[in-house]
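The structure is given below, and queries will be raised subsequently.
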Amino acid sequence: MSHFTRPLLSGEAESQTATLLQGCLVDLIDLALQMKQAHWNVVGPHFQPIHEKLDEVVETAREASDEVAERIVAIGVTADGRAATLVESSRLDAFPAGFHDGPTIVTACSDRLSKTCVGLREAIAPLGDLDPISEDLLIGITAELEKHLWMLQAQEK
Amino acid sequence: MSHFTRPLLSGEAESQTATLLQGCLVDLIDLALQMKQAHWNVVGPHFQPIHEKLDEVVETAREASDEVAERIVAIGVTADGRAATLVESSRLDAFPAGFHDGPTIVTACSDRLSKTCVGLREAIAPLGDLDPISEDLLIGITAELEKHLWMLQAQEK
Amino acid sequence: MSHFTRPLLSGEAESQTATLLQGCLVDLIDLALQMKQAHWNVVGPHFQPIHEKLDEVVETAREASDEVAERIVAIGVTADGRAATLVESSRLDAFPAGFHDGPTIVTACSDRLSKTCVGLREAIAPLGDLDPISEDLLIGITAELEKHLWMLQAQEK
Amino acid sequence: MSHFTRPLLSGEAESQTATLLQGCLVDLIDLALQMKQAHWNVVGPHFQPIHEKLDEVVETAREASDEVAERIVAIGVTADGRAATLVESSRLDAFPAGFHDGPTIVTACSDRLSKTCVGLREAIAPLGDLDPISEDLLIGITAELEKHLWMLQAQEK
Amino acid sequence: MSHFTRPLLSGEAESQTATLLQGCLVDLIDLALQMKQAHWNVVGPHFQPIHEKLDEVVETAREASDEVAERIVAIGVTADGRAATLVESSRLDAFPAGFHDGPTIVTACSDRLSKTCVGLREAIAPLGDLDPISEDLLIGITAELEKHLWMLQAQEK
Amino acid sequence: MSHFTRPLLSGEAESQTATLLQGCLVDLIDLALQMKQAHWNVVGPHFQPIHEKLDEVVETAREASDEVAERIVAIGVTADGRAATLVESSRLDAFPAGFHDGPTIVTACSDRLSKTCVGLREAIAPLGDLDPISEDLLIGITAELEKHLWMLQAQEK
Amino acid sequence: MSHFTRPLLSGEAESQTATLLQGCLVDLIDLALQMKQAHWNVVGPHFQPIHEKLDEVVETAREASDEVAERIVAIGVTADGRAATLVESSRLDAFPAGFHDGPTIVTACSDRLSKTCVGLREAIAPLGDLDPISEDLLIGITAELEKHLWMLQAQEK
Amino acid sequence: MSHFTRPLLSGEAESQTATLLQGCLVDLIDLALQMKQAHWNVVGPHFQPIHEKLDEVVETAREASDEVAERIVAIGVTADGRAATLVESSRLDAFPAGFHDGPTIVTACSDRLSKTCVGLREAIAPLGDLDPISEDLLIGITAELEKHLWMLQAQEK
Amino acid sequence: MSHFTRPLLSGEAESQTATLLQGCLVDLIDLALQMKQAHWNVVGPHFQPIHEKLDEVVETAREASDEVAERIVAIGVTADGRAATLVESSRLDAFPAGFHDGPTIVTACSDRLSKTCVGLREAIAPLGDLDPISEDLLIGITAELEKHLWMLQAQEK
Amino acid sequence: MSHFTRPLLSGEAESQTATLLQGCLVDLIDLALQMKQAHWNVVGPHFQPIHEKLDEVVETAREASDEVAERIVAIGVTADGRAATLVESSRLDAFPAGFHDGPTIVTACSDRLSKTCVGLREAIAPLGDLDPISEDLLIGITAELEKHLWMLQAQEK
Amino acid sequence: MSHFTRPLLSGEAESQTATLLQGCLVDLIDLALQMKQAHWNVVGPHFQPIHEKLDEVVETAREASDEVAERIVAIGVTADGRAATLVESSRLDAFPAGFHDGPTIVTACSDRLSKTCVGLREAIAPLGDLDPISEDLLIGITAELEKHLWMLQAQEK
Amino acid sequence: MSHFTRPLLSGEAESQTATLLQGCLVDLIDLALQMKQAHWNVVGPHFQPIHEKLDEVVETAREASDEVAERIVAIGVTADGRAATLVESSRLDAFPAGFHDGPTIVTACSDRLSKTCVGLREAIAPLGDLDPISEDLLIGITAELEKHLWMLQAQEK
């Protein structure tokens, strides 16, 4: 049930939409944390362009998570982006600890970016009927992240 | 032992410095996540200025965590800012779930900001001998966060 | 019948699309006028953040009305945003005259923003078949206005 | 009687000043709506420079109406810029509906700009004694609008 | 078959999407070249606003072609925007050589802009099922180009 | 007697103008100091918007005092904005020491802003005959300060 | 008689206003040419600050002349800023040819700036009755030029 | 003979270079005055784009005259840009007084721009041997002015 | 024969200059298309810096082609930058289709950049006598492209 | 005793730190007032660079005083920057009244800047133990002011 | 002995501080020259990111040397950054002549950056007692250079 | 012999061009170092404008040296800007050590600027035949430096 007195969606659509968005929110925040982790711990001859590229991905993921969380709240449901929630429900594999060379980082980051995009696409389909505003938001985010994915996996041999 | 062949600090100073900085790194990243959580879930008559003020704290905490992590790596040690690490070692209490009104948010955020500043001050003292560059970095961060703390707790009755 | 010799849509789709857009155009211009009215006449302890927030809503509403009007004309139909047209066909209640305190203003503005969003959603559904370009435009406008709605109604007790 | 406890003007001067400013406020808001109407519905070979020029007039009229309304409120009287008020008390002729070619638009807009300037000049004279601050504000607005008027009517044959 | 190991689409959707996008890519690049050709070779009393307007169309077409090409590559297929490919597969009529006066240029450019928009709309429909990200991209491009089309054909007598 | 060899005003007008401007200069500098005092020492639930609003008043008062002082010197008379001069001749009540809650601050600041505006208006009248350039300068300053006054006193219950 | 069909002023006021403005226009354009002449031909130890200061005066004089000329035209009279007109009717003494040291330049420029300001003040008085918009324009210009005059003549011994 | 103790050119080259540059300086300043004259006094249906275009020419001519004058002084010779000098030695025909319609203005301005370019080209040839720095400066100026000339004369029937 | 009534060059110089510039125009447009083709289709570990560098070359080539085309038109001859013209007369080898790794792309692009520069240098020599303005334009373009060439071929083993 | 419930420092350190900062706050505000006084009342051949330089000192002093005052309040103590407090406790000599030539101004300002820096250095030493955040703040301010001091006293003979 | 009459430090501290700063000044200027040398002469597949990164180091080193030199002069001692002084007293090894591939450049630059940081750290320790302002300046510089060092040596295998 | 496989110049022209450019490179880097030396060590009443002007010369000299060095490398020859090379081959006299008053600094700097310009002009003449791209580069640099030279030597008595 919406927290507000002027609900945007009917009760059923509201809870299903919120659940789909919350799943993506967790992935996006985790993606931002993991790409920062990679940004700091990459080493080797390709350090510079990878280090810089990953910060662009972080920027996209942070803005996307903020927009998704604010959409969840706008429809009257609480958003949850706390660390413990990330550990419990993120669909991304944990990032390996320590320093890594460029190719290892590129592959690990591509895998996680790809996983985030798959999650977004799975939410887009049902949102077309539930809430076109939320559907449109996720399409915009996916377009940006898939462009980053291309640029990262283009660097694999 | 430093990952790099031109270590900035002797072995002993290096590991102690890295440990102190890593403790603050975890608090700062957790602070950023919690302030965003509050930014999204605040409700009630004072919504607008609290909502905006918290985003400034997030901005400070994010930039600070990036600088601290890059300092850790610069002295040759891996930095760890992954979600599971936050859950294990953050010194901040977990943020309560759900929507909250303004006064509750102000107090909860002031408590966590204060806790982060206490952690930073505890690291500043020993860093004076270990590494003045790191000491100076944390002093700058503390100054900004204590200014935010004043503005937040000035709003309590 | 389109004013131009290279019509974008077939005759039927053209007139239905124009009618739907014209209905939203009127609401959006009226919303801008009413939010300015509130921006000027709010008084009381919460004056400052409400006064500023409402100007952001005005900005969104003005840009949205300009884009909707130019879309109507682009498909070859005249757009009508004159004062008398607003009085006749706006779906928003008239704004009460005189000075009002903060809570009264917040509720009055939330009601009118909510009404505008309902009107936009009612136009989005049929536009999906008639003209995806117009549908996409209204989805983007609704996303922004529903975010403003959240921020306004979050301020109600 | 001023809404505030620190009135800027004596009671008599206050109500006369407010009445004069309110008359101009209505004309300026109506002018902005009408110039937008013209901006959207002009057609023909001179479309481009007219379309752009009119948006500059809209920008001036909007800023002017905001400053005038805020002046009315600053002296303690409510400002009224609602659509129904425009229809009742604007001194500008209603704008003709539909598409129009360039020369027709230029003449129609010049007439309304001229009418607005005449109204402003009629208010400037008595304001010299009532409130020099308001007089100065209207002089500045008139200077800008008369410059736009020159540029528009210079385009007539 | 996608060039990358993490394909965004299934094989069938991938090749159909790529084919539809490649068709639009060629039109958009050709449109940019032709609008530049017109921008240089227009003469007569309306030279200035037409010369400037066409450069805005070029800007839109160039950015659009870059986004479409990068989308093709992102889904793992090579993009082809070479001169010989344009000559072979562009759906736009070749632009007439030499200097032309304003009305001739306006009509010639409107025809080509209209043709490009028709091609984009024909691709949007099937992309709704194949790849909503690409569909959304083309909708955004069409919206901008149809607005330019309005402004150009509004200048015809 | 003017310090310069090309005096702007006759001797009589010069000294009367300088005396009127010097009176306003002292008030404006004192106003800036007092609003900063309030900006620092406000506490309570409305801290944030009051804290920010007062800094805008400081900015206006500082720029205004600089322009007034430079006008005094331009007519060939020395300007005096030293602390002891403020204590001796400012027409504003001294600001109360210590921390204060929002409503107390709003009222104290509104009183002082109002006092400054009264002083400016008293100087504007005779300056109309003595020096229209100085009159115009003070009118512009009063307009800005009275707008700030509205926004502050609109916050009183 | 006004060139336009919607005259701003009555015939008598129109020609007197235009005559007064035209006199100032000529002085302002001549001032800009002479200050450039001085800007180029100054030599000696104070070269740098004088060279830079004079360019600020040129900037002010150019903008002022453009606004005055556009005001003349706005009221329906042709403006005349041609070289031969300057030679015939400028009230400034011709600038001496050749290189000059700093003190000579400062005095020569102060004399001409002072002369321009006297001319402006002589026009301001009658314009108060003829056209307050033009009066306000000249007051603003005089304020800026008298400030420059102060800064120049303050450099004389 | 150079005014400075470190002459850039031998005595012969110095005086010939200065003479060639001084001839262009006069034309460029006169061109700026005449284009402003046209900018103010144009009327008729093509007013807007001509009025704006001419201001770009003024901008180019002003910057060019400043660079040429500073080049003359840099080689140690006084520059002369005073009104009487313009009347005596400008190679441009005087601009006709009064208001003019668009086509008349375009032709009059094209003639004067063309004349200025011819003068520049005549100076470029001998400067190749005398002073390549001055030659390069005039080539850059001519390139810009000939581009403006194209855009102006392209508007003639 | 020049299209305009005020030709910049004599008939002979005009046609030779136009022919030389038209040859370079075609190469520059083709270069921009080919570098975009490479920008999209590069893959492998050096993807990121090559992808970005090539966009800078595209930017230079586009601006250069626009300046060359506008120079051709300024001297009164039509410019031709249509796709079919590129295929017929470009002096660059066609770019190979499909994806390519970094070293292949670097060599292919260096070859084409080098070819473009050779063409420009061959035009510069005769233009020295025909039209120094066009010569200077091509020198400036060559300087930029040869700098890009250095940076590209420095990446070859 | 701190005004807030989460004190940054122990009671003893808190009051000593506040006392040291308050002493510097008063000097910095007085410095800003005195440098403005000098900025307005300087005359003579070196007017321009001294007038400009002093405004930079004012800017530094104003920002510094704001940061110091906000630090005092952040540790829970009221800050006092009122005119009467300046007169009572500033450690700077009062500035002499009236106009002064350049060398006199430079010496008077250098003396006061030097006095302010001495006061800051005396506070820095004990703050090292009391509160490293405040120590760091004053070090930053002193660095800037000592740089200004160099530039001022470098101008003395 | 300080050149100025208001020395910042006692005589002993002054000369020791100046000596320590002068040593770092020489290293920093030499570092800037050497990094530029490397920036120009690097070749091979990693050219682009190394070329760009080194320019950022140059920028840091240049700004740092300027601040250190101005600090030396501010305490009243002459600064020496002439080429012969660099050759005599720089603690960095001379840079090898000629072109070098990426890995060689990265190692050579990392060695020199490391050497500069060691020199700075050796000066920081004694400056803590001599002059905390200078100590703080060098800490800030070291922090930036050590960050660059990390990014460079992270690129070594 | 060029380092690259696509040489810009024939072998003979290549080595002569590189030698001429290398001579200017050394002078320009030395000029930048010497002007910084002067910027730091100037004292006396004209300190401020000289201090600022010299930094502009440094800026020009640094950018010029970077462009010249990159041109040398672009034609395939290594550039040498190391400190020892400056000492060996700079054509400028060494700058005198210690503090100097304004007139001494102005003369010393003018001498070195003049020497640099003479060196540039001696290279420009032969480069006209060897490489017009390099010739044009040096002409542009000389133009800027000769303008600075004028402004400096204009300050001599």
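When the chains are written out, they are named A, B, C, D, E, F, G, H, I, J, K and L in that same order, and each has its own residue count from 1.
One rule holds in what follows: a residue touches a chain if its C-beta (ideal position, glycine included) is under 8 Å from a C-beta of that chain, and two chains touch if they have at least 3 such contacts.
Keep in mind it's a predicted model, so treat the numbers as computed, not measured.
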Review point. What's the overlap between the neighbours of subunit A and those of subunit D?
Key: C, E
Practice item. Look at the interfaces C-D and A-I and say which one is made up of more C-beta pairs in contact. Key: C-D
Practice item. State, to the nearest whole Å, the distance from the C-alpha centre of subunit E to the C-alpha centre of subunit H. Key: 42
Review point. Counting in whole Å, what is the centre-to-centre distance of subunit E and subunit F, each centre being its mean C-alpha position?
Key: 59
Review point. Cα centroid separation between subunit E and subunit J, in whole Å?
Key: 62
Study note, to complete from the structure: Cα centroid separation, subunit C vs subunit E, in Å, comes to 31
Point to revise | Residues within subunit D bordering two or more other chains | key: 43, 46, 49, 70, 73, 136, 154, 156
Review point. So which chains end up touching which?
Key: A-B, A-C, A-E, A-I, A-K, B-C, B-F, B-J, B-K, C-D, C-E, C-F, D-E, D-F, D-G, D-H, E-H, E-I, F-G, F-J, G-H, G-J, G-L, H-I, H-L, I-K, I-L, J-K, J-L, K-L
Revision key, fill the gap. So, in the complex, the side of subunit A touching subunit B is made of residues 3, 29-30, 33-34, 36-37, 40-41, 43, 66, 69-70, 72-73, 78-84, 86-87, 90, 94-95, 97-99
Exercise for review: Could you pull out which subunit A residues touch subunit K in their complex?
Suggested key: 42-49, 51
Check your understanding: Which subunit F residues qualify as touching subunit C in the complex?
Key -> 46, 49-50, 52-53, 102-103, 151, 154-157
Practice item. Using the touch definition up top, name the residues of subunit H that touch subunit I in the complex. Key: 110-111, 114, 117, 124, 128, 135-136, 139-140, 142-143, 146-147, 149-150, 153-154, 156
Study note, to complete from the structure: Contacts from subunit B onto subunit K in the complex sit at residues 4-6, 8, 70-71, 73-75, 132-133, 136-137
